[in-house]
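In the two complexes below, subunit A is the common chain; its partner is subunit B in one and subunit C in the other.
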Partner chain A sequence: MNTTTLIRQLSSYRPSLDRDSLLKLSRRILGALGAPLLGLAMFLLLWQLAAARIDTSLGSFPGPMDVAGQAANLYQEHRAERERAVVFMERQEQRIQARLAQDPDWEPVRRGYTGPPTFFDQIGTSLLTVLAGFALASVIAIPLGIVMGLSRFASNAINPLVQIFKPVSPLAWLPIVTLVVAAVYVSDDPMFSRSFVVSMITVMLCCIWPTLINTSVGVTTVSQDLNNVSRVLRLGWFTHVRRIVLPSAIPMMFTGLRVSLGIAWMVLIAAEMLAQNPGLGKFVWDEFQNGSSDSLSRIMVAVLAIGLIGFLLDRIMLIIQRRVDWQKGAVS
Partner chain B sequence: MNQTFSNLLRRLAAVGLLVTATASAADLGWPEKEELTFGFIKLTDMAPLAIAQEKGFFEDEGLYVSLEAQSNWRVLLERTISGELDGAHMLAGQPLGATIGYGTEAHIITAFTMDLNGNACTVSNEVWNLMKPGLEKKDGKPVHPIPASALLPAIEHSQNRGQPFRMGMVFPVSTHNYELRYWLAAGGIHPGFYAPQRGDTSGTLNSDVNISVTPPPQMPSTLEAGTINGYCVGEPWNQQAVFRNIGVPVIADEAIRNNVAEKVFGVTNGWAERYPNTHVRVVRALIRAGHWLDKDNNANRQEAARIIAQSRYVGADYEVIANSMTGVFEYEKGDVRPAPDFNVFFRYHATYPFYSDAVWYLTQMRRWGQIPEAKPDSWYLDMAKKVFRPDIYRQAAESLIADGLMTAADFPDFASESGFRAPDATRFIDGITFDGQSPNAYLEQFSIGLKGNDTP
Partner chain C sequence: MKPLLDISSVSMRFPTPKGEFEALKDVNLKVNQGEFVSLIGHSGCGKSTVLNLVGGLYQATTGGIILDGKEVSEPGPERAIVFQNHSLLPWLSVWQNVELAVKEVFRGKKSRAEMRDWIEHNLDLVHMLHAKDKRPDEISGGMKQRVGIARALAMQPRLLLMDEPFGALDALTRAHLQDTLMEIQRELNNTVIMITHDVDEAVLLSDRIVMMTNGPSATIGEILNVELPRPRNRIALADDPTYNHYRHDVLSFLYEKQRKVEPFSRRRKASAPSETCTAQA
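Now for the complex of A and B:
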């Protein structure tokens, strides 16, 4: 039972309903909203109870209240950093004017704030990197998957490689990617920082496989009837792919894309942690290194944020899938 | 003709003036590169960078600096070499090791010493309980400095259980590695040789104690996990062990050997040649920061501890950082002793890059086999001069004097300074004297360690 159907039922509620159906309805409300809330409450309670009993070398494990406090704190720090940025810009302008007075030929460069990224900046960087890596993976995986699905020969040629590279963890790719990018990506004024490129490629290498496999399977399972229709109509290759293959493969493809995005998000955090690329992973690592009494709470805030963002990303993919799928409602 | 002649004279006079009256900031030239990224490791001795940033000393030079914490010394070095970092807070041995080609080879130079001392050796509670009964005591407290021979019962205990006694340090060419080895060897315990000519870079050949690398911030958790029995590291990671009840600091490095360069500010030689004005200006800002840190008898240290306790810098709790930054050091819980020179940022001409400090590190690399073959005294000197650059420091210092920001009394007398500390300026736990001019003769004095034509 999902929320949409629940709302539909609520809106069709008539006062003339009898006791029985009222009871049924309230049970449904409980099922749809009550159960998740109950689960959450249980989790918080268990967390609070367990936290007090775990004594780490950084003090006792933070409970929900400590974590909430640190979340507020991180927001305050973000605000404070923004204020520092404003002051910085004013100070920079004064310094530029002072130097221009001495050195009128100078062409000043007005640069952005040079302070450290806040927690929220790190979230932004992580999201950008993961989306870039995921987009790159999809751009490669979808066409390749279609080719594999349409041609048995291509499938046989590529499949062994996929099977070999699929289980490789980001930790193994990372050193290789780092060295290769350092050697190949050389530019005096790079458009993207090298750390961004390293993370993006690592993410791409790890999240390309589910989309690739699912797309090819989706394409092979196009119904024979549809293929026959295409043949009868003598559709060209491109039209065949666009009108017949893609729409039929979309449910499978999107399942693959959703798995890919989930993997991309998990991989990214690990990659950032190891490679010291900016982002949430770096935030977690820095806090671990700080070893202050607040560190554990701050890491917990990051853990919850990572989980929440992963969940939201999946929901967004689901919404997109519903939009593009011609068999509406076939997914959940 | 006459006029051109007088013009020439006037120009010559102007040049003469420039030479005699030293150049101020305005004459230095503007920085070639204004946006800089410097790396650091989360240790209290990164403070000069944080202070130069927070007090606007970098901005006074027209520099806009981002400070970035690095996960370990190797990453920091590699990123400096690759150019991702413009410069970094480095172990004094790092520019030397990189330049002579031990580990990654790259010509790295330094014109600024960030601090002296600031490290300590900590052992686990278990080890402490084994060594404590054998210690000499006065008024119920152990007499300091504690000799490494006090570790023998604990080492024997491990060996009886068939386990090597393990200690952590932060990097193969780190001060901590040499200090720990120095202390152990002075107590008759063999810390092990390196044999890079055979590809053996573990440093455990012939050793009584296995010494391995752990990044500084992970030291307390590695000790707690029992992977190592003790470690030598910079602050706040010794005081952290006291606060968390997981270990006991037994000796501060100033008791092993005092006042030798600890961390330096390193840049690649290529970077320094491309951006000479920027480099001098960075050194100017750092000198002012070092001066601020030691000003008025450490009056600013509490503020400094508050600044670096922010999570963007060191991030440990203020109380832990302040413990060693403000002139005291806590050994066993409750055993707080005065340690005014635990961190020295400016006194004793701390920021000046002395050649003799470089030579001392090179002798230790030779002593433990990282330099596997004999080298003449002149080689030590040449390497020191290739890496340590007091000429750049002097340029920065003289312009600060000309600007009235510092006085000549703050610095060594540049006209007569040879770059070698007097042999009695450094006190060693084993009483051996070090004369930077004759490194081979110095090595001859040790009973444990390579000397002459020895190879491990």
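Now for the complex of A and C:
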């Protein structure tokens, strides 16, 4: 039984004095929520116990309560920073208006607020980067995977390269990407910051493989019967790919996309940390370098946020997959 | 009268790791306009190979196939095929499956409204209009096969090829579909080549039954003209001496003249894909 059916049952529940049905209901609640809650409680308990015994150079390891406190703190900092930004903008506007009143010909220059990015700004940057890298990887991997699936020659040509580059760690790519981007991406008025491009390309290089491999396998599994239907109808190459090949490959393709997005998120944090690109990874690194007594708690907040966001990203992909996938109930 | 389809001295050899395998040898058959021809024979006798050759999915090693004065060299909608396992696109609804074929075949020849009417007409013909928005996995096997037939008919083929269309269905559903097919035939008078394993089906539906010898190097053994008046009624025919005589002829060809002799040990393996000799990968 899952949580949604439970909620539905609870909402339709009319209290009665029937002891049996009450018992039954409480047993159901325990069955659905009991195990996860018990697991969570055990984890928090173990964490608390372990934390008290670990003494680091930055003080004792933070327990769950310290971390929760720091999470609230980070939110407060974010709010404060936003208020400061609003105040800054107002003050600037006032000054401009005052000067314009004296000197109507003056052309005002409005500047944006350049305070330090908060934890939540860093989350936003990371999400944007990971989605950009993932989108870029998908845009390359899906067409290439289709070509590999349709042509044995293309598959034989590309497959060895895939096998060699697939296991390469993002940390190995990063210096190369950084240098290449610095050399190639030169512009006086860049649309994206250089660090964004470096992170995005590193993410792309690492997360492209599952989608590529799964798409090509999905395409090769198109049934011979459907190919025959296509031949009898004399479908053109493009129609054949669009009407027969792509839908056949969608289940496999989405499995690949989900794996890719998971890898993308994992890689991004490492890349940001190492390359000092803005984002959650940089937040973690900065806190580590900062070395205050709160640092460990703040890093733990980031760790939990990273996990939660990774989980949510996968759920979103799953929802999209359920919408697109024609195999009813095949997706779990 | 010039035949619609002329299969002349067709042989088919498939390359295998153990050398060439000759599936068909010297097959000759002429089919007239409006004729319903069944191909019957044991599994592995190359029936499907004949159908795939006429359908253009295979190319004959020697000999040639002429339809309407033109040599068959590739598949095409004028030789629509009803596949054994329906081969509907699982991600399209019943309507969309037929629509895909209609759009491809009548592009530029029919208007949008005409196409819609034509799809509707063909689904109605097989009594499937009520399920037009269902997906293939939401309807039964018999219904899927009906849609497969509607799709093939919607291509308005010169020749309708059916590869054991009812082979995977239970006996009652099969009988029902055979009746539907006879009803459609009465209306459209299509030229049909159908592969079957089923002696009753062959006699009930066909004008001619082509009986094939066992492979390798299979060819046409005998041809039986079925001169039963139409419309045919399966219940009335059950006691009909002529019907039973035809039935007997086919049975004796299959089980006496062309008895499949296989040693027991081989037959046990036959449940595995020992049908290599059909070579219909």
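Here are some notes:
To be clear about the criterion, the second predicted complex is superposed on the first by the 287 of 332 C-alpha atoms of A that agree within 3 Å, B and C clash if a C-alpha of one lies under 4 Å from a C-alpha of the other, contacts with A are read in each partner's own complex, and residues count from 1 in each chain.
We adopt the following convention: contacts are C-beta pairs under 8 Å (C-beta built on N, C-alpha and C of every residue); 3 or more make two chains touch, one makes a residue touch a chain.
The structure presented is a predicted model; accordingly, all values stated were derived computationally and were not measured.
After superposition onto subunit A, the partners subunit B and subunit C occupy separate space and fit alongside each other. By the touch criterion defined above, A:229 reaches subunit C but does not reach subunit B.
By the document's definition of touching, of the two partners only subunit B reaches A:194; subunit C does not. Between subunit B and subunit C, more residues of subunit A are touched by B. The superposition of the two structures on chain A yields an angle of 150 degrees at the Cα centre of subunit A, opening toward subunit B and subunit C, reported in steps of 10.
Of the two partner chains, neither subunit B nor subunit C is touched by A:310. When both complexes are overlaid on chain A, the residue A:287 reaches subunit B alone and has no touch with subunit C. Look at A:243: by the touch rule set out above, it reaches subunit C but stays clear of subunit B. Legend: residue contacts after superposition of the two complexes on their common chain; A:69 is shown touching neither subunit B nor subunit C. Once the two complexes are laid over each other on the shared chain, residue contacts for A:262 go to neither subunit B nor subunit C. This overlay, made by fitting chain A, leaves subunit B and subunit C with a least C-alpha separation of 51 Å. The interface of subunit A with subunit B does not overlap its interface with subunit C at any residue. Here subunit B touches subunit A in the complex through residues 26, 30, 34-35, 42, 56, 59, 62, 64-71, 75, 82, 84, 215, 217-218, 220-221, 224, 240, 244, 246, 309, 311-312, 314-317, 320, going by the rule given at the top. Those residues of subunit A that touch subunit B in the shared complex are 57-58, 91-92, 95, 99, 102-103, 106, 109, 111, 114-116, 182, 194-195, 276, 285-293, 295, 298. On subunit A, the positions that touch subunit C within their shared complex are 223-226, 228-229, 231-235, 239, 243-244, 247, 250, 326-328.
Of all residues in subunit C, only 55-57, 74-77, 79-81, 83, 85, 87, 89-91, 100-101, 104-105, 135, 137, 155, 281 touch subunit A in the complex they form.
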